[in-house]
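There are structures below to look over.
In the two complexes that follow, chain A is the common piece, with chain B as its partner first and chain C second.
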Partner chain A sequence: MPPRQNASRPTTTGTRVQAQPQPSTDDPRIMLDRQIGADLFEPIPPYPPRTEREGEFYTLGDGEMFLNVGPHHPATHGVLRLVLKLSGEQVVDVDPVLGYLHRGVEKICENSDYYHVIDQVDPLEYISSLFQEWAAVLSFEKLMDVEVPRRAEYIRVLSGELLRIASHTLYMGFLALDLGGLTPILYGFIERDEIVEMLAALTGARMLFNYFRIGGVNGDLNHEFMSRLGDWMSRAARQTEASAGLLNENEIFVRRTRGMGVLDRATALRFGVTGGNLRATGVPFDVRRAHPYSVYPELDFSIPTRTEGDSLARYLIRVDEVRESIKIIDQCLHNIPDGPVMAKLPRLLRPRPGRSWGACEGPRGMMGVYSISDGSDGPFRFRIHDPSFVNLETVPALLPGNLLADTMAIVASLDPVMGGIDK
Partner chain B sequence: MDRILKTRLEARLAEHLRGPVYQRHDETEIRIEPGSVPEVLRILHDAVDLRFEILADLAGVDTGEVMQVVYHLWSPMASDWLRIIADGLSRDDPRAPSATFLWTGAEWLEREAYDMFGIVFEGNRDLRRIFMPPDYTSFPLRKDFLLPDDSARSPGAGVRHVERGYGPAGLADDPAAGIRRAPAS
Partner chain C sequence: MRTSMTSVTAFVKSLPAGVLVRLSPAERLALIFSPLAIGGGVVTVLAIALLGPPFTDFLGANLPLVRFAVAASAILLMTVPTAFVLIYLELKVIARMNLRVGPNRIGPWGSAMSVVHGLKVLAKEDFAPTGADVTIFTLAPVVTYLASIMTLLVIPFAPGLIGQDLNIGLLYFFAVGGLTVVGLLMAGWSSFNKYSLLGGLRAAAQIISYEIPLTLSVVGVILLAGTMSTNRIVLAQSGSLLDWFVFRQPLAVLVFFIAATAEANRTPFDMTEADSEIVAGFATEYSGMRFGFFFFAEYVNVFIVSALAATLFFGGWTAPFNWPLAYDLNWFNPWSLGFFGWTAIVLAVLVIGTEFFAVIVRLFGGREWSAWDAMGLGFLIDLVLVVGILGLAGFIAFDWVHGIFWFMVKTYAFVFTFVWMRATLPRVRVDQLMGFAWKWLLPASLLNLFATATAVVLLNR
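Our next item is the complex of A and B:
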């Protein structure tokens, strides 16, 4: 029996090894299978490099090897594929491969009308879908010169901050999970479940809320929501401290995150990183304060910043933000005015031709929507800016020099959500 | 609307502006030639009274007539978002200078614009497709994109039933048919 040939494994260093061609067939299904197989299991792409950078990355140096992480890997937070170039256990370079969850939401939105768009953008950031809706309605309201009733603005802030807490508690749990700690994620899910049940009472859905409308929100606060919220608020602060104490004082967690994946201020600004990841480097950029929208100027809260820029700082920023969000919810409950929750709008929206950019602060950073109207009942161009996309872009800058075991801890500390990245 | 920003932009960028500075709600918009993108971005980023240090977004736009590259910037000095429209890229061969010399993060945003519109950013060191498969041949967000026609050239054609040739006969033959066009503004 001849030795098993595996031409795709690089045998010599410094050269690019091509996959061996297989016998051709006319059956398109077999060809597709081969294509998929080649894409999934072979780190070296079966085609010549398209750019200088790709050619450089897929050329192995002395003693280096490739490791394919994902796209189906429990720690990649979705279908992210990272091609790691390793030297021993040390990461030399990374090539993130995206597109496994690409659904073409921008194209779908261009073919929808303005009311439908809210529905379509929901599954983008599925952990915090209200913020994506928020960015879209902010942009559309500017396009149509709609004034939102103040009660609706307060309800938006209230539900948004609740969802921010849910997202952050889940983040803390998943970060610990990627470091090998199983307990915090259970507490994270308990907290999130309470909030999600609360929002289900308000919106009717647990995950894809479809709650915000152009000119307001879909429904007023109801008794079940308020009683659940009151119940939760009475112990929210204590519960947050308890679940934060689980990790903040854990020596293993602190030692595995401190000084890990350090992003400095200048690099973060050059990359266009936003959200907690930017504030962990010392830049107090939060759209709620930097470019206020809704009723945030009336609310009293602070923007926590840190200067270390490492994984631990990114985590601690989130803990501080949860505390601030609880403060905001408390103020909303005290200040919320009476009145309508929807502006009066026609059934068919046909804004005048124009352009508008709306941005809000999501749990991961700035959510932006740029929409162009051509006078018809749907957007002519609908551009979605997702913060995770830019945050993930820093991975090739953060990982090199770290150990393989820390890659997932660093990626998780950036809090990417693939639904938003791949659109 | 930030009136001070308007006067500053007019003073600093007078020779680059194509058309007046346009302001609406909390947005300020300027139009420039694609060729002057690096110079304009450099001025906006470095000038002490502008300091647009955060690249909020970079997007491609196909108006049906021309291609555009749209930048959104944020500055601590201004109360408006700034939108820069690099207007008038040809639809047959859209080319624009890259913004990666100033914002490294523009690299992926430009890859996305290339993937969706085919806009070639000169100076981007890694301009390859980011969402679509590497052997995909068309650009999905262009207004002349037709799903049955363009996806038929992808390797999965004929396997997934939704991609087998359906759709109005003859539409694919006429590239001008069915293109939605933006109003002139």
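Our next item is the complex of A and C:
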């Protein structure tokens, strides 16, 4: 990068611009206007564009302007930043900028031992942190050939499905909030709070649980958890139908989501989209069925799919999944066997050198962990496949042609969590 | 001010040493500022004595001007408590609908919340962003605020209680009310922010589009009443419940209500400040009292469109049924009691009432009530009772009290509906909004106008 000749400063579009030499005038106000205009309205990168795409994006056409949405926009989910190229209110092009929440979790995990990885991956997808633990634990158990007790597997499924419901209720609320509806998010939080309090009774924490262990779980089911769960199960189905009815039958909501941000099957598969976003395009891919793990093969549940691929389909898939999860929890409560919740393991875990891939179905799609062991007590290499990241990659394909008003709604319907995306 | 402060300092220095230390803070304040208060009192008395007679002569000679000045200042002053009540109502009602508690810290049930909100806004820094056009940036909230509250001048609150009974009242209302969009555009343009610009342009497009069905829906009422004076429109509906125009213009009420929602920028048409899209729209760069003016204007606007809906379609201040207990108080001549009579009555009611209730509080409340606390509570009970009895008497005897009551009931029913909608509905999209205005509301209002005109011509002949 050549040294910059002129003073520059960050602009509303986030790129650095060069102050252009201006013809001098006597009127200081005109000078000021010109300087400001040059600084703030003409986003010329100080460097030659790094890619062809970047050069194309940062060249404004006729009547177009840049609008910087985020990272501190009231409606972006976390610290997502979207540089939009607008023509009027219509989105012409979009450049998502990531990395505001990057903490280098994968590297931290490589520097810690196998036990510590579990609490390091917790804050990634903070809405549903049990699933990262699950993926990591699955991967490590394959490395070490550990047999997990069946009771522990049932407890994992039980807590995971509870957390999936909590995550989906929040999703519905935030989607409505980005469309301007105030109330569903608060109802969603009430339901999530019940679940989270329940899990707090089980695990000791409300958000970052640190509950799963290599070879089992940290503690057995206890009385408080079971009584809260029974109390909640008695009205869960009814409550789900009520909060879904609040939006499903709302004409404005349906009109603003139907046909918006249509993701077709080929694009979804090409990007590697997973989870509800893929199932909304008609592909019945669910890790719980496609690559069965834990005790899911013993449980009876269906994989809801839809063919439209739009925001409404993605939303309705989530509603159906909540219903399925309630069914799974019910079966778990009936089938759970007695026994230990932890396998017998040595204090120091030193698997043989090798590599393994463990994946589970999180609320947002396939949550996977790829780890390589070199025979020491920690992973030599540790990589996380986060579904939000892949799902967010489709945003530049979905947004162009839509209005600014739908930007946030479409992004919200993909359900990204920035903690997992930036890692 | 400066001289008075120096005299205060001089007075404090002239006090014997150590006096101030022995006093409580309140007493200290009272002692320090007592010369100022006495001096101010003397000056006031002198001013009234010297300037009073020529001033009253001037007022007597220009009664219409006086009436207008009083009405204008009353309306200006009325907007502040109205906005406070509306903001509190919105916070509390939406909170209950969201299964929350809402404000509950300041005042009973948090009722002083919006007052404190107002004070906070006043205390904030007066700030304009770099690159903003400061003149227009400063003027924009003023334009919006004035344009909204000027429309209150033609709203009839009660028989005889109207700012100015213009014969072109409705025309004035829509002409002045349409000016708010100028303020919003000014704010959007001068803020030097793209979000503000988008918000301002959205406001312009939205308000201008919805102005047309709004105005057309009212023309039916004008045809029926044969006048544009809001006062006479109310009088035209004053027979019975069935004379309200809502029963003759149901379609117009619907169109009016939807268009008014868009006009007041309320959910589901709050495109101009959609927080999930354009941060805060035209108000993005505003803070402090400038933002406060926008905020006030927004809530006063809600009150105004509700009041206009009540006036045009729901009989304004007329009662839905005849009050059976009407009582004529005209036999009572308040002047016959004279100054001393009134003083004696007021003192007797306040002192005897306070003592009476204080004794009751001490009798039934037990020992934890000190004499002063009991007196305070007794005074409050006394005051509430007196105000209640006077209000009830006024309601029975004076038709303007009666009128205000029914007017406020109807208006706040609409206000509640607006708040309710905000808690319930998501926001529509910009293109859906414009399409709805031009494809549905405009034809509906034209249809209504045509039907009304035909009916008026056929039935009058």
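Just so we're on the same page, the second predicted complex is superposed on the first by the 376 of 423 C-alpha atoms of A that agree within 3 Å, B and C clash if a C-alpha of one lies under 4 Å from a C-alpha of the other, contacts with A are read in each partner's own complex, and residues count from 1 in each chain.
To be clear about the criterion, contacts are C-beta pairs under 8 Å (C-beta built on N, C-alpha and C of every residue); 3 or more make two chains touch, one makes a residue touch a chain.
In this text, all values refer to a predicted model and were calculated from it rather than measured experimentally.
Student: Is A:73 in contact with chain B, with chain C, with both, or with neither (first, second, both, neither)?
Tutor: second
Student: When the two structures are overlaid on chain A, which partner does A:331 contact: first (chain B), second (chain C), both, or neither?
Tutor: neither
Student: Using the touch definition from the top, say if A:404 reaches chain B (first), chain C (second), both or neither.
Tutor: Once the two structures are laid over each other on A, A:404 reaches chain C alone.
Student: Is A:255 touching anything from chain B or chain C once the two structures are fitted on A? First, second, both or neither.
Tutor: second
Student: Report the partner of chain A that touches more of its residues: chain B or chain C.
Tutor: Ranking chain B and chain C by residues of chain A touched puts B first.
Student: A:388 contacts which: chain B (first), chain C (second), both, neither?
Tutor: neither
Student: Between chain B and chain C, which residues of chain A are contacted by each of them?
Tutor: 32
Student: Considering only the defined contacts, which chain A positions touch chain C in the complex?
Tutor: My answer: residues 12, 32-33, 36, 40, 65, 67, 73-75, 89, 176-183, 186-187, 190, 250, 252-253, 255-256, 403-409.
Student: In their complex, what parts of chain A are in touch with chain B?
Tutor: Those residues of chain A that touch chain B are 28-29, 31-32, 35, 39, 45, 47, 50-54, 98-99, 102, 104, 106-107, 110, 142, 267, 269-274, 285, 290-291, 353-357, 359, 366, 368, 370, 372, 374-375, 380-381, 383, 385, 389-390, 393-394, 397, 422-423.
Student: Would you tell me which residues of chain B are touching chain A in their complex?
Tutor: Answer in residue numbers: 24-27, 29, 53-57, 59, 61-62, 70, 72, 74, 76, 79, 81, 83, 102-109, 112, 116, 125-135, 140-141, 155-159, 180-183, 185.
Student: Which part of chain C faces chain A closely enough to touch in the complex?
Tutor: Within the complex, chain C touches chain A at residues 94, 97-100, 130-131, 192, 194-195, 198, 267-268, 270-271, 274-279, 422-432.
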